[in-house]
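Paired with chain B in one complex and with chain C in the other, chain A is shared by the two complexes that follow.
This part shows the complex of A and B:
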């Protein structure tokens, strides 16, 4: 009798173990799929038009902004209102519902190096925080490129056929432009509001927000943002060092509305230490057509650079 | 060997001076070239090690990397036990000093230059006090806070002089941008320091600029009594640190010194690229990244260490010297082949010329092996003597070339000593050259000597009668 009980108990244990294994296996499958899934799948045309997601964005980053009610009077803005305003400018200057491609013309002036101009083609997928840049002009540097994908960034030189690792903080072509300037904006994630004031910038009434970095890994510890409250667009940003010295001033002088987005098409970056050193970046031929996924691969950059 | 063979060989060498000079000259030239190449490559090797010691701040470097809140490795550590363990290590250590370093942009007026800025504890320093020659200012001036020791190259480019104020832009240890001011207190002769253009400031000032705490440092530089002991000292330090539970890796990857945690504007070179590689999320590599591999994401505050030696740091430049050495070997081999062919042909002629004489010698009692020996000895005397002349001549020529000034900022600047090539002959290598040349000469004379030994006396006398 005892033997039968033992056999039954063993049988039950075996069945229980088997069921538990199936449940555990299922859970492992679900979590593995989630872990490996990455961003949501793209739309019908190759990933650009997929639902709003976004690599590296806090939960609800895009959704919370939609119904936010800003004060009518700019003097009544609170720190939270301003942060939401910065978030609005972040979202509106980016393309989370589509891909973006454009031609960039850059003119840089430096007392040391003189004036030099170049032209690039940019392909951006903001929801994945990815972009690809290809040098078109000058002819001698045609084919050089830069790729940002999965939080990694590389430069490609077609002459040596080598990729070298680079970062968002690095300057672009020894100018006052950094690699980060070609990426989507996300200042509202990295900074918190310290002080608010109002003023005028040319003919525009602006809210001036002094921002401090949330963490010590952001390149500029302090920012001063000048945002036009009516159109909710950034007109000027001053970037300060840890010792509160002005490092760079960015002017966003022209905007173009494309769908829901307001794209700063003319951007001027002036060095804070050497004011004579400045660069102008102009975006033209902006398109929001979906881009194939393979555009954001090293293989494509290698192929298209030849 | 009988003395008579040597005497006969010596007489034969003297008999036809033109041929001896022509043949010997070719051999001497090969030996001269090889001796010069060998001496200069040795000198460059030593110069590179000395200069890399200056660039990196010590013979053995212990770099510490601490994981930040985000899991990124930052070039900083605060564990004082590391320095204590290093100091207590028995490895012929002269000094142990903390070092901080960053790639910085120095701005003066509308001009800017990127250079490495190193923080040195002047109270503990011996290396720079002993090695750098100050062309302006003095060491005392550097004791004041926020002062800089600048290379003559940088100062000349800016038109700077002692007392001028410069703006320094750098990245903190965590990657934030910072801007500070420094006053130029002294200028050193970079030509006497292998073309180095590093700027030096007080350790405390630089760590403050890098936003590091007072108990933090980036690197420990160990200056040894004898640089040849670097490898042994590094092994001992690695062993000691590992046995105390520290995560330590060994190798060359830490390159010339520490850097701030995030690469600066020209982060594609040197130490910055190393740090960049270990801070990159999906990178792989050696050194600290190697130590990091297999650990997954490091939890905040976890520190890993990397120990490297000047020999490893000099490796990249040293590998260029390896090429020079190999080119030298190839030239030497080519010259030896040409000389050997010349010697062999000459001795065939000698055989024809001396057939009657050989026949006579055989008739008066010379044996085959005596004829063979006299030929071989003639070859040895000729080639060995010529090689000796070549090697001896290399000494004044080598030291003479060492007096010619070269551009210390050129491609081979790091291989120069005070703008000059260093000629460092090694007796063993010179002896090797002599032995090698002699062996080749014996091989070249062997066949003609054997043919000479085979000459039938009667036939020889009859043919040449």
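This part shows the complex of A and C:
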């Protein structure tokens, strides 16, 4: 009898604990809903259906940029002009009227680790803020990938067949490149202008803006951007720590222009701490052919993996 | 050291080494295009001062009609690749305290293969791969692990995939699990197909990873093996199942049908899950049922998302009846044990996890991860399973080895697990140094057992390429047969040192068995030093 009583007491205990767990779980959900609640994405009509609906840019972002009149003389740029120039480069790196796909080669050279080469395919649908990356080489990692739509981001491990969430701040492949480098740039939102000057980079006259982050979500608190004013493309970016230590320099040495969009197809990253360490990202092919909807699903990521 | 039954594998090792030598001749050397290599020296005038404009204009119609090749980079088949390392050195062990007749006091010359992988791609859509780890001494193989797969595709979405493995690791040299004898397993064998790119099928034996937890995943009802507490992300065996997947943008409906496992129709089961992505959260609603109720029906709800700076996840499972076979002391014959089951009461399992991480441009980073688990199907007091006769009673209640394992796994009601890591970066150039302190810990409050592993690492050079020193101490505290200290109190201080991009690797460990009063019962030591002379990238 004593055993039966013990068993019953155990079940009663389990039931009470179950109810307590349900209450706790409900509280978590309520807090979750509150934490994530907020106004709908921006847009003239209050909804999120516009071309930029997916990434929650400030109201009138596109319209303000489209009508903005830049000074003819690069020495007359103000801080606000430069911020609008950065916005223009952000927008022009995107494809809002078509999908985009490309194959990307990345080669990293390290004095201690030697030379590593990766190759990936990327698929973008910027109007939905959707991005899919699939590892193609090395063969041992083929099929690993990442899917991001809005703020939902998954990584897939084909060995365990498991999807996991990750963040855009992660360093990409233990290199000086971060996942954020593959996202549409939003530096015009994340940084404010501290100082402006002009100069030249090779054959090109550039405006040099020194920027300071206005939030701590970005990987680098300070940036120094070199932008060619004529075509409004970024040629060089220096990235600094809070103590103004140069951590990385990015060079955008080749672009392709498709319609109004500019894609930096050769990007060279020089490590600031290890002078002999650098990497190069090269687009080996590119297309704006429409992509099937199922490309931007977890199922596709799982299917094309090993 | 139980290695005698592996002598038959000596020829296998010889063949592997021969293949390694021959493969070295065949291996495709890296053919990275020079145009994709970063420049040896950064010269801004050279980068931006060339005769050609840095902008190439591509016609919109051309780009939307197909793929535009920017750099000539065409892969030619067949491809044969080798990656991984092979080395030779010394391996030994010594038992300074508590040695018995069978205790090893040995020193060997040894060969070590680590992550040695052979890939063969006769065409773009066919891929055969074999990877191996091996620790061999002159007359024996101490540990071996081989995995192989074939990925035979008709297209992106239609393929046949097969994967199998062999493991032998009686003293856990290569893994966190002990494989006392050589074990072959068919890991996966399935066909992928689809209808109109709307409905997708995966038919066959497959790994299925449900749930969002890390150390505890009560909603992972279809996996057949338990989570390894020291390697929670390791692949786990899955069932033979038919999977139907209907993606609806980011949302998914998945239905699994598991055909009969015992030859009887009512041993079949079915599971369905719907993933709903809303406002930055992924919510999953699922159900599971088996016709013969050998596994109890259950409803599942999981969620993952973020609250402020914290990543949050949770799993909740409601069962009617418990799958577990319980044991209790017989009321009629004290000192003997009887088993029983509970089939007519609801049970609840719930886990909640929090993750936080911060990384600064200064090189400082911090992360913390905590997961709690209430397991309603467990014992409030699981210490009864520390009694050998009670465990035997549970094992004797079924001939199904998977069920035996499940009945003796996660036996408690209350669990807590966590990990934290702090890292800092110092210096620059070749002297760049990364110092990391971390620890993970797991506790079963229902049987009083726990294990934790503090670790301290110093990495010098880029990603520790010059030298990496790691000190760790995996410690288990609890009674014998407890969940996290199955061999009683034990601590294993260990040191590993890798130098020159791991070309030189030293490992020393000293497992110490402790009595219940924490006095030293037995001390073993093991060490290995290898020169990994062959490194394929």
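Everything that follows uses one rule, which is that the second predicted complex is superposed on the first by the 251 of 306 C-alpha atoms of A that agree within 3 Å, B and C clash if a C-alpha of one lies under 4 Å from a C-alpha of the other, contacts with A are read in each partner's own complex, and residues count from 1 in each chain.
Assume contacts are C-beta pairs under 8 Å (C-beta built on N, C-alpha and C of every residue); 3 or more make two chains touch, one makes a residue touch a chain.
What you see is a predicted model, and the numbers here were worked out from it, not measured in a lab.
Of the two partners chain B and chain C, more residues of chain A are touched by C. Using the contact criterion defined above for the overlaid structures, shared-chain residue A:259 touches chain C, although it does not reach chain B. Applying the stated contact rule after C-alpha superposition, one finds that A:215 touches chain B and leaves chain C untouched.
When both complexes are overlaid on chain A, the residue A:297 reaches chain C alone and has no touch with chain B.
By the document's definition of touching, both partners, chain B and chain C, reach A:151.
Of the two partner chains placed by superposition, only chain C is touched by A:116; chain B is not. Residues 111-112, 150-152, 165, 167, 169, 174, 219-221, 239, 241-243, 245, 247, 273-274, 277 of chain A lie at the contact with chain B in one complex and at the contact with chain C in the other. Remark: chain A residues 1-3, 7, 10-11, 13-15, 17-18, 21-22, 24-25, 28-29, 31-32, 35-37, 98, 101, 103, 105, 107-117, 138-140, 142, 149-152, 157, 159-163, 165, 167, 169, 174, 201-204, 219-221, 231, 233, 235-236, 239-243, 245, 247, 249, 251, 253-259, 262, 265, 268-270, 273-275, 277-280, 282-290, 292-294, 296-300, 303-304, 306 touch chain C in the complex. On chain C, the positions that touch chain A within their shared complex are 30, 32-33, 35-39, 42, 44-50, 54-58, 60, 63-71, 73, 79, 81, 83, 117, 119, 121, 127, 129, 131, 149, 151, 156-157, 161, 192, 197-198, 200, 206-209, 233-236, 238, 245, 247, 249-250, 252, 275, 277, 279-282, 303-308, 311-312, 314, 316, 328-329, 331, 342, 345-348, 350, 352, 357, 359-362, 374, 376, 379-380, 413, 425, 428-430, 432, 461-466, 501, 537.
The residues of chain B lying in touch with chain A in their complex are 68-70, 72, 107, 110-112, 167, 169, 171-172, 174-180, 211, 262-263, 265, 267-268, 273, 276-277, 280-283. Contact residues on chain A toward chain B in their complex (touch as defined above): 111-112, 150-152, 164-167, 169-171, 174, 213, 215-221, 239, 241-243, 245, 247, 273-274, 276-277.
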